[in-house]
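Note that the chains are named A, B, C, D, E and F in the order they appear, and that numbering of residues resets to 1 at the start of each chain.
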Amino acid sequence: MVPISYYLILSGIVFLIGFVGVLLRRNIIIILLSVELMLNATNINFVAFSQYFHDVAGQVFVFFALTVAAAEVAVGLAIIIALYRAKSAINIDEFQLLKW
Amino acid sequence: MSAYGADLLALLPELIIVVTACLVIALDPITPASRRDLLAWLSVGALVICLGITIGQINSVNARVSAFSELVVVDAYARFWKILLCSVAGLTILTSLPYLKAERIHLGEYYGFILLALSGMMVMVSGVDLLTIYLGTELMSLSLYVMTGLNRSKPRSLEAAAKYFVLGAFSSGILLYGISLLYGLAGSTKLASIASAIGSRGADDPLVLIATILVAVGFGFKIAAVPFHMWTPDVYQGAPTSVTAFMAVAAKAASFAAFMRVFVEGLGGLKADWSLLFLLISVVTLVLGNVVAIVQTNIKRMLAYSSIAHAGYALIGFVAAGRGIGLSGGTPGLASIMIYLAIYSFMTLGAFAVIGMLRKGGVEGEEIEDFTGLAKRQPLAAFLMLIFMTSLAGIPPTAGFIGKFYVFMAAVEADLAWLAALALVFAVVSAYYYMRVVMVMYMRDPSPSSVAPPHLVASPTLSFVLACAVAGVILFGLYPNPLVSFALQSVLTLK
Amino acid sequence: MTFNTWLKTITFYEILVGMKATMSHMLHYRPVTEQYPHEKRTLPDNYRGMLALLRYDDGTEKCVGCDLCEAACPSRVIRVVSAEVPGEPTKRYSKEYYMDMTRCLFCGLCVDACPVDALGMTREFEWSVYDKRQLHLNKEQLLAIGDRSFPVREKQLELQHPNVAFFNVAFKHLPQKPG
Amino acid sequence: MTELSLRLAVSFAQILAEMSIVMITVATLTYFERKVLGWMQDRMGPMEVGPYGLLQPVADGIKLFFKEDIVPAGANKAMFALAPMLTMVVSMIGFAVIPFGPNLTLDIYGMTIKPFVVADINIGILYILAIASIGAYGIILGGWASNSKYSLLGGLRAAAQVISYELNVGLALVGVLMLAGTMSLVEITEAQSGGFWHWFIWGGRPDGFFPIHTQIFAFVVFVISAVAETNRIPFDLPEAESELVAGFFTEYSGMRFAFFVSAEYANMMLVSCVASALFLGGWNAPYPGTIFEYVGLEQLAWIEHIVWFAAKVYFFLFMFIWIRATLPRLRYDQLMRFGWKVMLPIALANIIVTSFTLYFFPR
Amino acid sequence: MEQVVFFYFALVIAAASVLVVALRNPIYSALALLIMFFHVAGLYVTLHAEFLAAVQIIVYAGAILVLYLFVVMLLNLRQDDRYHRQWPMAGIVGATLVIEAIILTVMKGWTSPVVATGTETTVGATTNAGAIGDVLYSTYLFPFEVASLILLVAMIGAIMLAKKDIGEC
Amino acid sequence: MTSSFPWLSLILVLFVALDFVLFYVFWEAMLIPMYLLIGVWGGPNRLYAAIKFFLYTLAGSVLLLVAILVLYFYGGHTFDILALSQGTYPASLQMWLFLAFFAAFAVKVPMFPFHTWLPDAHVEAPTAGSVILASILLKMGTYGFLRFSLPMLPDASLSFTPLMVALSIIAIIYGAYMALAQVDLKKLIAYSSVSHMGFVTLGLFVLNQQGIEGAVLQMVNHGITTGGLFLCVGIIYERTHSRLIADNVGLATPMPQYATLLVIFALSSLGLPGTNSFVGEFLVLVGTFLWSKVATALASLGIILAATYLLWMIQRVVFGVPSPHHLPKLSDLNQRELATLVPLVVLVFWIGLYPNPLVSRMHQSVTNTIASMSRAKVAPTASPSAEETTESLLVGSREPLTAQGSSR
């Protein structure tokens, strides 16, 4: 039996990496990928807890989180494509019209 | 079918809004461009009906009515916000009508998105499970991302959408991680069980603290509290003005509502910890929001920083609620936030409506300089702006003062007189930049170089919105009792 | 849209008709394929195949090295190095003759241009090789092709072509028939 | 430990058997495709290698194996090498949940083994969908890594097409899932036993023939989407020879090319297996029971089952070729519009109708 | 045995996560993320959440990441070898969180949690997918509907934003 | 401009408000119309002056709000000024509250360190604005001291008396000294205002009957006299479009009526016996004398200086030879201007010669004020209700805020 804290630590590490990635990278696509890392860390937590409690609610939450992630990606990539058409750039520090 | 009859009835307003949203989106392709107004009127009609139903529920339902296996409740607290949000959404639609035409982005989907965002907010304010609150937040945010990027011919709008999206996704990731930790603590995402789990585990568990901080950060992004405010100015400036108004008012109000419910109902056991946290946040927010607003030249950007600052004021009420002693000790603090945000909605909406009206006249009315000599050209518009600016600065007899008054009263009651004093000092700072707008409008002559500024004609809808906003600002400024007592009654249902 | 067309649309009627057609071809299997290496189709009389250099029946080459074929060739296939017949200053022959068949498009212009009918188009076409340098043919190879493709030659070269008399004043010192 | 190793050995044997079946089928399929296309076009097809060209696949294999492996300049070498492998592997592992024969169980040393299915997992259909969705990666990466315009365009088209049509595949299966009430392919197939009208394409109820639950629309959607999903004509936009030379594998040669091609055939086979298992009753005969049972050879009934399954699969495979022989390629916008505006609404309507019929006429 | 499996998955997940953030080429990042998704799915399987494992692959690997790759290729992005100038901030945040995590694990760890005794359906009665399906359409009907609205918004929003020609009034 | 006046007239409510919040509302509500008055119709440097006026006053008054709220919770959950005046408060709290009150009122008065907005505002404001500013707005501050600081915070007032007196005397001398140096008529009068308001605060904080009565009387006097002076400056400004002393010389010849009235107001302002200011200042000085003789002597210095700068001003403006290019514009007062100024002159002499009606009216209330202060000194925790409140605060079981409690 793997202790629950192992899962917690794993998800913490992944969350942290995603967090740092968001702060560190300038390519908007990689930033979004880092956000996906964060969401996955969350999902690991939920599933681990769900198994621990023998309670399906956590897995349901993961299901919804997945749905939301998919929706977010659709909107986000649409924004990126529209922006790329307008600006031909997707690095966030190349957006100069508004101060970042 | 019948099993959910009662649940559906309790959530009738949401249902109507969702159905109308779908209807608007479905009708949009078959509506000729010249008749798109009808979609707006359809949305407004639905909102009016919802408002009626929600107000009607006040008398018939006084307790908490749980629906859908206790994932959402309909209580007075939720109803307060629903009434506020419905009114704001309706007024926003009426503001948008002329504005969108002027910007040439009059799309039928826009109204659908407003309604969908509104339904997300209503889910947020009535959710008592972190799942529903999270989903409501996402529904709201996604609609707002799209609405921000609505004006695709302008790269600025798209940039704003991109920034809003990146930081929004980031923040919801953080929020979700916090939620997952809370789930791990309580074994359920219901606020009630989280509260009981915290009660049994004790507040000094580091995991509890981390989860609390993460959730607070997640919500901090949504309410644009410093240091999670960086998206606000850009997004407010880049988004179409009517969207900005909606974002600044409704999104903030709904986020605050969910925020309060989560922290009071779910994490109430950690009052001492989070009130300290929010104390810090609110002080930083006040300082930064007010100081940075001074140097802005774009009025939307200035209002963005001002909205950050207003979040700081509202947070004071939250700190006071956290310091509250006893069972319902936090009541005045929470009520003060509700009052504050209700009033803030009216004045901000009014200010943005005036900005939107300037755009209609062909003037790119976003730089503060564009308001030069407005009093000479448009005395009435300038006077309305004066009232809104005064109210935002919190000067009596406008409603802005009442909002601040109750917040500070709560703060002083919670032995935070120094915080109130600090906040008031920054209210003076804020008065500087609000009064600068007034100064530009009234005390500078229109620059001779600009060729005969067009005569602005407010459309009937815009006039109605302005009239409502002014009426709200003045009436609540002179006679706030109905609002205050309503907020106080509503907040009592927050367990 | 009438009901009939609608019905056809939703039942994929046209597609089914097409599939019926293909299926009927399969069921009534009548292949038109010729198994080429095993069975070869008869070539038409005017088939233009591999080029060849020709000889008179006494074994003398017809080519007089006039370079007209080289000039006529649109693809620069042909290269001729002409030379005097030793001892007979008025007579010339092609000392070397090359054809780069990789470039040839079998138009037949060289054959038309030849004043002495020294070039001919054979009916050979199976010339696939692994090394394309093998398709750079020299005079001997071309003559060999001519020999095997036109085994029956004209009898008298004097009678063969009016031009021959003009070009070849005397025949005594022509190159001898090989081997 | 011995049990584990034994189980591993058995699984390994099963996988090996299944892989060889698939590979052999793929090989024969390449032969039959050319043959059938020839027949339909009044040609003969391969005739040279071996009697009637029967050894053509072997010859092809040997040829491709010995061909020079070219990596284009500027290509991303790692990705270029990875893409065909990924495609191949993904198309192979999908067969793990396909029941090739009846749900027999064998007891070997106290272990229960299902000989005709490698892994009967309870989310079989989801597994298939998951595997199918990963298939796009090989194509996309191959297209991207080749550093060629044709390939990139092919990869892009593949990505869009796979995403669009995978949705329809998934939705078309939902009706079947509702009828069967399980996601295990074995159980779904078992639920269709009892004859032709009990297959889910007709959806007859066990108590009698009344095809109210018919899934024929879903079946049509599934088949069309499956054709698109496997990048076959008329939906072969990603590898359109006439526009994109060969699309995402323009730059590939030798064994890598072979991998892509055989993966495509394996995918065809996979979707054929899924279609027969889900809609056409899998191993079930179109009559109740089996002939062997009537004759009294219950032990050998599985042979008949397998024959029926193979027949159905080969029918689908034949249909793939048949369609290829008949239809021209669609235009790209037609493809997208067809997927989103025709297939998707039909699939959704099918789900709604099926749920209503199931609610009012439960099975 | 379980621990070995877990450590394998955890190691790969962590390594792939680092690669996602560290690699310069967006395609490589996406592929590292793909590997990570697979291993997360594997982790779910070890946690007896087969349904989620499949959904993880279908949605994340099959849809989301394909979309990312699609966009990366559409925009034809090649190298991106620049990082943000937020090293110090990221360092501070990261270090703080690491220290927090260490404190968390060393000081207190995971004490026995309150086992839920609610009305939730428990796993085990039927299959995993069945259990989730049951609660999804009964207990969690309302969030399910909200999620459908979210997807509606995403769908229409994406079309509105990415459509080339937009109807103007 | 006219639209601002109805709004401004609401200030009157401020002086009769018995609800603290109502008081505050009107206290703040005055800001915007005054801001507009200065900013829209003011002089060339009006933007600077307007924003300075606005920020100074607002900054001072926000602390007042905190103080009001604190008083609300310590004074038995009420905003009733009378009830709050009855209450007693811990000494340390009183100190803080007094400082908060001081910030608000001192800016308004304006007392010495906070006075810099006043000359700017006066100079840039139109005549009507100056008059309102001088006559009414400045009194809001002194009214605040009288109404709130003294009765509610007697201990603190007592402790702060030396400081207040010192500041007042500095204001008197400094204002007068600055007035000496001015070449602008309006600025001169503005600084004289600072000086005169110093007398008012001085009278208030010597905390005896004479001082306070004198202060109250001086509030009225200052309104009349300085208002009159500002009106005079406005009249001359309308004619010559200059407020500089150098530009307006020798007015006695072309404008005899105007010159007469100007001299009367100037004499009133410097406290000539027989005019109103003499009565007020005398009472203040008497009160001060009872408190400290040195202070009286220093304050008297202000009167002397006032005589200096005012007489000097009169000498330059009224006498001498008018500049020829101004001469055609210098027509004497018309009916309207006379109708405005003459009542003020009447008041100047009425109060100067017969102040009894005013003094007798204020006598009772001043007595009450002083009595309430002494009561507090005797019994710090006399009020049972206040005791209970303090008790409950210390224990920490406060009753929740209800709708009724918060309504005014």
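Criterion: contacts are C-beta pairs under 8 Å (C-beta built on N, C-alpha and C of every residue); 3 or more make two chains touch, one makes a residue touch a chain.
None of these values were measured; they are calculated from a predicted model.
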Given subunit D and subunit E, the chains that contact each of them: none
Steps in the shortest chain-to-chain touch route ending at subunit F and beginning at subunit D: 3
Top chain pair, ranked by how many C-beta pairs fall in contact: A-E
Relative to subunit F, chain with the most remote C-alpha centre: C
Farthest chain relative to subunit A (centres taken as mean CA coordinates): C
Chain centre separation in whole Å, for subunit D relative to subunit C (CA means): 51
Mean-CA-position distance for subunit F and subunit E (Å): 69
Rounded Å distance between subunit A and subunit B, as computed from the means of their C-alpha atoms: 26
Residue list for subunit A, restricted to those that touch at least two other chains: 4, 8, 18-19, 32, 43, 48, 52-53, 55, 57, 60, 64, 68, 71-72, 75, 79-80, 82, 92
Residues of subunit B touching at least two other chains: 131, 135, 138, 142, 145-146, 149, 152, 158, 161, 184, 187-188
Each pair of chains that touches, named by its two labels: A-B, A-E, B-E, B-F, C-D, D-E
Subunit B contact footprint on subunit E (complex, rising order): 100, 103-104, 107-108, 110-111, 113-116, 118-120, 138-143, 146-147, 149-150, 152-154, 156-157, 160-161, 166-169
Subunit B partner contacts - residues on subunit A that touch it in the complex: 4, 8, 11, 15, 18-19, 22, 28, 31-32, 35, 38-39, 41-43, 45-46, 48-49, 52-53, 55, 57-58, 60-61, 64-65, 68, 71-72, 75-76, 79-80, 82-83, 86-87, 92, 95, 97-100
Touching residues on subunit E, where the partner in the complex is subunit A: 2-3, 6, 10, 13-14, 17-18, 20-21, 26, 29-30, 33, 36-37, 40, 43-44, 46-49, 51-52, 55-56, 59-60, 63-64, 67-68, 71-72, 74-75, 77, 80, 82-84, 86-87, 89-90, 93-94, 97-98, 101, 104-105, 109-110, 113, 115-116, 118, 120-124, 128, 131-132, 135-136, 140, 143, 147, 150-151, 153-155, 157-162, 164
Of subunit D, residues touching subunit E in the complex: 76, 79, 121-123, 126-127, 129-130, 132-134, 136-137, 140-141, 143-144, 152, 155-156, 159-160, 162-163, 166, 170, 183
Interfacial residue positions of subunit F with respect to subunit B in the complex: 21, 24-26, 28-29, 31-32, 35-36, 39-40, 46-47, 50-51, 54-55, 58-59, 62-63, 65-66, 69-70, 72-73, 100, 396-398, 400-403, 406-407
